[in-house]
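First chain A sits with chain B, and in the next complex the same chain sits with chain C.
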Partner chain A sequence: MSDVFPKWTNKLPGKVLIGALLLGAGVTAGLTYYFTPKYTRVGYQPIQPVAFSHTIHAGQLGLDCRYCHNGVEKSWYSNVPSANTCMNCHNQVLKDDPKLALVRESAQSGKPIPWVQIHKTPDYVYFNHSVHVNRGVSCVHCHGPVNKMDEVRHAKSLSMTFCLDCHRNPAPNLRPPDQVYNLDWVPPQNFAKTQGAKFVHDWKVNASQNCSACHR
Partner chain B sequence: MRYFLLIFLLLAVAVVSIAGFRGSISRKPPIEVFPDMDRQQKLRPQEPNAFLPGGISSQPFVTGTVPRSAARLVKGELVASYSDSPLRDSPTFTGRVAGTTNMVDTIPVPVTEKLMARGRERYAISCLPCHGAQGDGNGITKKLGMAVVATLHDKRIVMMPDGELFHVIANGRNLMGGYGQNITPQDRWAIIAYVRALQLSKLGRATDVPAEFQRALGK
Partner chain C sequence: MASAPDNSPVKIAPPPAELVREPLVLNNRSLGYISDHISGIVEGKTPVWWWWAFIPSVLLMTVMFCCIGYLISTGVGVWGLNHPVGWAWDITNFVFWIGIGHAGTLISAILFLLRQKWRTSVNRAAEAMTLFAVACAGIFPLIHVGRIWLAWWLFPLPNANSIWPQFKSPLLWDVFAVSTYGTVSLLFWYTGLVPDLATLRDRATTKLRKFAYGFFALGWTGSNRHWSNYEKAYLLLAGLSTPLVLSVHSIVSFDFAVSQVPGWHTTIFPPYFVAGAVFSGFGMVLTLLIPLRTICKLEDIITVKHVDMMCKVILATGSIVGYAYGMEFFIAWYGGNPYELYAFQNRAFGPYWWAYWSMITCNVICPHLFWKRSWRRNMVFVFIVSIFVNIGMWFERFVIIVTSLHRDYLPSNWGYFTPTWVDIMTFVGSFGLFFTLFLLFMRFLPMIAISEVKGVTPQADPHHPLGGAKVGGHH
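== the complex of A and B ==
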């Protein structure tokens, strides 16, 4: 038999195999790294129409989240405040500052400030703020240290895994109700083991893992 | 093979340098990889809506109405209300003596320990930034540019009927904005109860304290 296949083709199957494996591994790694909410969402920080800073208002002034987000403990939805809320203070503080021009205009005309929404679950997900914050789940778990953010960014993935990781074992993430709005609170040692478990028992916490809890 | 490996490596470096790492700041909205039913034709609160007046989906209350969620009397306790209920004109919602424009003198709901605790919490959220923890008008905003903040220990305010305080909270006065949209009537009374307690703390005398607690004062 003459050489139908030259000699180098002997190694070809091996090379093709290694190449395919490498490609497969690379693509898989890339997809798992880049195509999940941990990459697509985390770090999203849109430019807001007014340079509002949580560091100043929630951090330095120590305003309670509920001064502005006053729906958070009553409804599923945590509202962004109207311009009137800002004007309670800014009718005296920085009264003529150009940074607040849009706020003054909005309070005058009643036309809302076009804040860009950052956290947004898909429409097929049912989420509820009040059920969480009234059961000792703090804002930091899902939004990160907002009181230290000059501009709010998407800090957690808010993917289904993220929700379920806590729903499977909520005890370590619960805190006393009066510390829910204190984002800097650090649990004392052994708190999760002793108190967390006690909260789950006393409040009859039932963080459902049924599909119908979140997809209704 | 060498070329393949080289290209593979270059490609990996290119992807990482273009796409960056997890958690890096991005100004662009997140990509929805499989946008199946992520965004549906449904209404969300506070989103623009061309159908409604002003294009605003979260419309303000119609004047003179009480939202269904506000309050209803169940076994002597306020829980939720309906705008057509007789409650709408009761002092609890208006701060006025029913049928007149006179302010009620005292808090028309039972003042309990629970109401007091609620009042303390709500005061800390809504009033403390300006009026201060003691109600003396020295809140944090005073240091940062609020020139005029009333002290709640002013004699005029101590003498004010409770109904008038109710109105100040709901509608504001002079330089103070109203909090009617944020604070339910029940919570307004709770805050008033707490403000009264704050005022008493400055006006009280040692002899007002029940005898069994006087020793604790060191008298």
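== the complex of A and C ==
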């Protein structure tokens, strides 16, 4: 046999095994980190046609989210307002600012501003905004502190895990209905255990984990 | 060795004729002959017939992979599946192939534990057949899921969706059963191959052969310690494989029995499926080995007695299958469930009557031809019957799957399944894959367990007149 395999090959199987284990661990770790929504989606911040600042409008001025996204309580869809909503103020404020040229043009022509969509649920996922915001789930849970973002970016992974974590244990993410649009609200101590559980009970929160809840 | 030493001090009178067992290796073939002859199949020039078998097999296999490519790129609509028949040839083929595998495990594991010495001549080829059948079987459930790039969801892997497969589903149990079965069968087969691979390595004349066989022989030297470890490993693997013979097809039968479909929801399914699987497996072993023993001149090693024994297994398991068919009908009537009764009446006399009666002819009538000893020992006859067994067992799965599905409770949910050309060519092509693998196996690996067969030759018994424990003899 010695004429077939040189002596150094005696140690080869162990080396190959260790190499394969390291490679397997590396591939697993790499896939987990680089190929899951926590990495692939979070931080997405496309350049928008108009540099609209949520910091100024929702943060400093304290506009309610619903002033612009006025469908969110009634519809599965949270709408982006038409330019007319902007013009309610901007026909007085900064009315000749060149940065708002596209807004004025859109308000006149009726042709929508080509905003770039950031939060996109796949077409095989059904998501209803109204049922969430009306049962104490705040905007901030899925969209992050938008009132502190100059330009909106994808703050949370919105992966299936993300949805299921909350559906499996909704209590910590529920808040009093009047605080849903207050993105800076901090729950008092032990709120989840006491009040959150009460909300789940009182509002009959039945966060379904069935496939067909979202994949209809 | 073959020649009897003349100076033998012990003379043992031959036992009376009625007590003599038919030897497992005929014509007093020597140990050297066994090594030379079996290795010779691997080492000799590639025979012409091999090419005539191999090229069409590869072509058929290519057809199957093209069909699979078409299926994946287009969608499962290229098959004849539609409401109400959502499973048809795909799952039929899966159960057909996985069933065939059972003969290998039964021969290698159960017959080993039961000390059935006749297994040694056929176990290697039967185990190889098992592996290749499992490979064919594995393809069908994989491609029938539609979006096969998501097939990894079948395995309980942590993932970014934080979901797990449905552990309550027999379809998941199936994944585990079949993959365990494939893995253990491969290990068992390979463990048995190691000493023979070393034989081929030591006989090899070219550098490449030395390297290839040497690599897979894992440094086997045939020392006492090697043999001792080998025997232990082999026994352990036999013990591990034995429950698999029963569990795999039981779990395959759960795919149906755990559901509520009349015609499927039957407690008799697990034993009935296991018996059917062994039945079909032995059918396929005979289909493969009867021509091979003639072509490769192995008549002294795979003897008529071996074929006879396998025919008896077919007779036994075929009778169990026939009993199960009868019992299904009895329970359908005795159980008093009109839907169950209808499912079975429809099976025999409905639009698929032709499939049902083909199955009955092949599986119930054919095995009973083996009651007659001279018929069991007629190779041409056994070969023909073995083909009918294969056909019958394919029809059995087709009948169970399609006839139970095609008439739902409401007549508006009635339909008739017709295969498309893709259905047909994928199935036919799977035989191409099977035969390609088997032909490669018989050309490059020892088709018969050389070291084990030597152990069951008459002269390996020290008490035999030609045996080794005397002056001048050794083993």
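In this text, the second predicted complex is superposed on the first by the 214 of 216 C-alpha atoms of A that agree within 3 Å, B and C clash if a C-alpha of one lies under 4 Å from a C-alpha of the other, contacts with A are read in each partner's own complex, and residues count from 1 in each chain.
Criterion: a contact is a pair of C-beta atoms (placed from the backbone, for glycine too) under 8 Å apart; a residue touches a chain by one contact, two chains touch by 3 or more.
Remember, it's a predicted structure, so these values are computed and weren't measured experimentally.
Trainee: Check whether A:Q108 is in contact with chain B, with chain C, with both or with neither, and answer first, second, both or neither.
Mentor: neither
Trainee: Would you sort A:G30 into first (chain B), second (chain C), both or neither based on which partner it touches?
Mentor: After superposition on chain A, A:G30 lies in contact with chain B alone.
Trainee: Between chain B (first) and chain C (second), which does A:L63 come into contact with in this model arrangement: first, second, both, or neither?
Mentor: The first partner, chain B, only.
Trainee: Of the two partner chains, chain B (first) and chain C (second), which one does A:D123 touch, if any: first, second, both, or neither?
Mentor: The answer is first: A:D123 touches chain B but not chain C.
Trainee: A:G19 in the overlay: touching chain B, chain C, both, or neither? Say first, second, both or neither.
Mentor: A:G19 contacts chain B only, not chain C.
Trainee: After superposition on the shared chain, which partner residues are touched by A:Q92: those of chain B (first), chain C (second), both, or neither?
Mentor: Once the two structures are laid over each other on A, A:Q92 reaches chain B alone.
Trainee: With the touch criterion stated at the top, can you tell me which chain A residues are shared between the chain B interface and the chain C interface?
Mentor: On chain A, the residues that contact chain B in one structure and chain C in the other are 37-38.
Trainee: Please give the residue numbers of chain C that touch chain A in the complex, ascending.
Mentor: Per the touch definition, chain C meets chain A at residues 160-163, 201, 210-211, 214-215, 219, 221.
Trainee: Chain A touches which residues of chain B in the complex?
Mentor: Those residues of chain B that touch chain A are 1, 4-5, 8, 11-12, 15, 19, 22-33, 37-40, 42, 45-46, 54, 56, 58, 69, 124-126, 129-130, 140-141, 144-148, 175-177, 181-182.
Trainee: Which residues of chain A touch chain B once you look at their complex with the stated criterion?
Mentor: Where chain A meets chain B, its residues are 15, 19, 22-23, 26, 30, 33-35, 37-47, 61-64, 66-67, 70, 74, 77, 79-80, 82, 84-85, 87-89, 91-94, 110-112, 122-124, 153-154.
Trainee: Flag every residue of chain A that touches chain C in the complex, lowest number first.
Mentor: Listed in rising order, the residues of chain A that touch chain C are 1, 3-5, 36-38, 159-161, 164-165.
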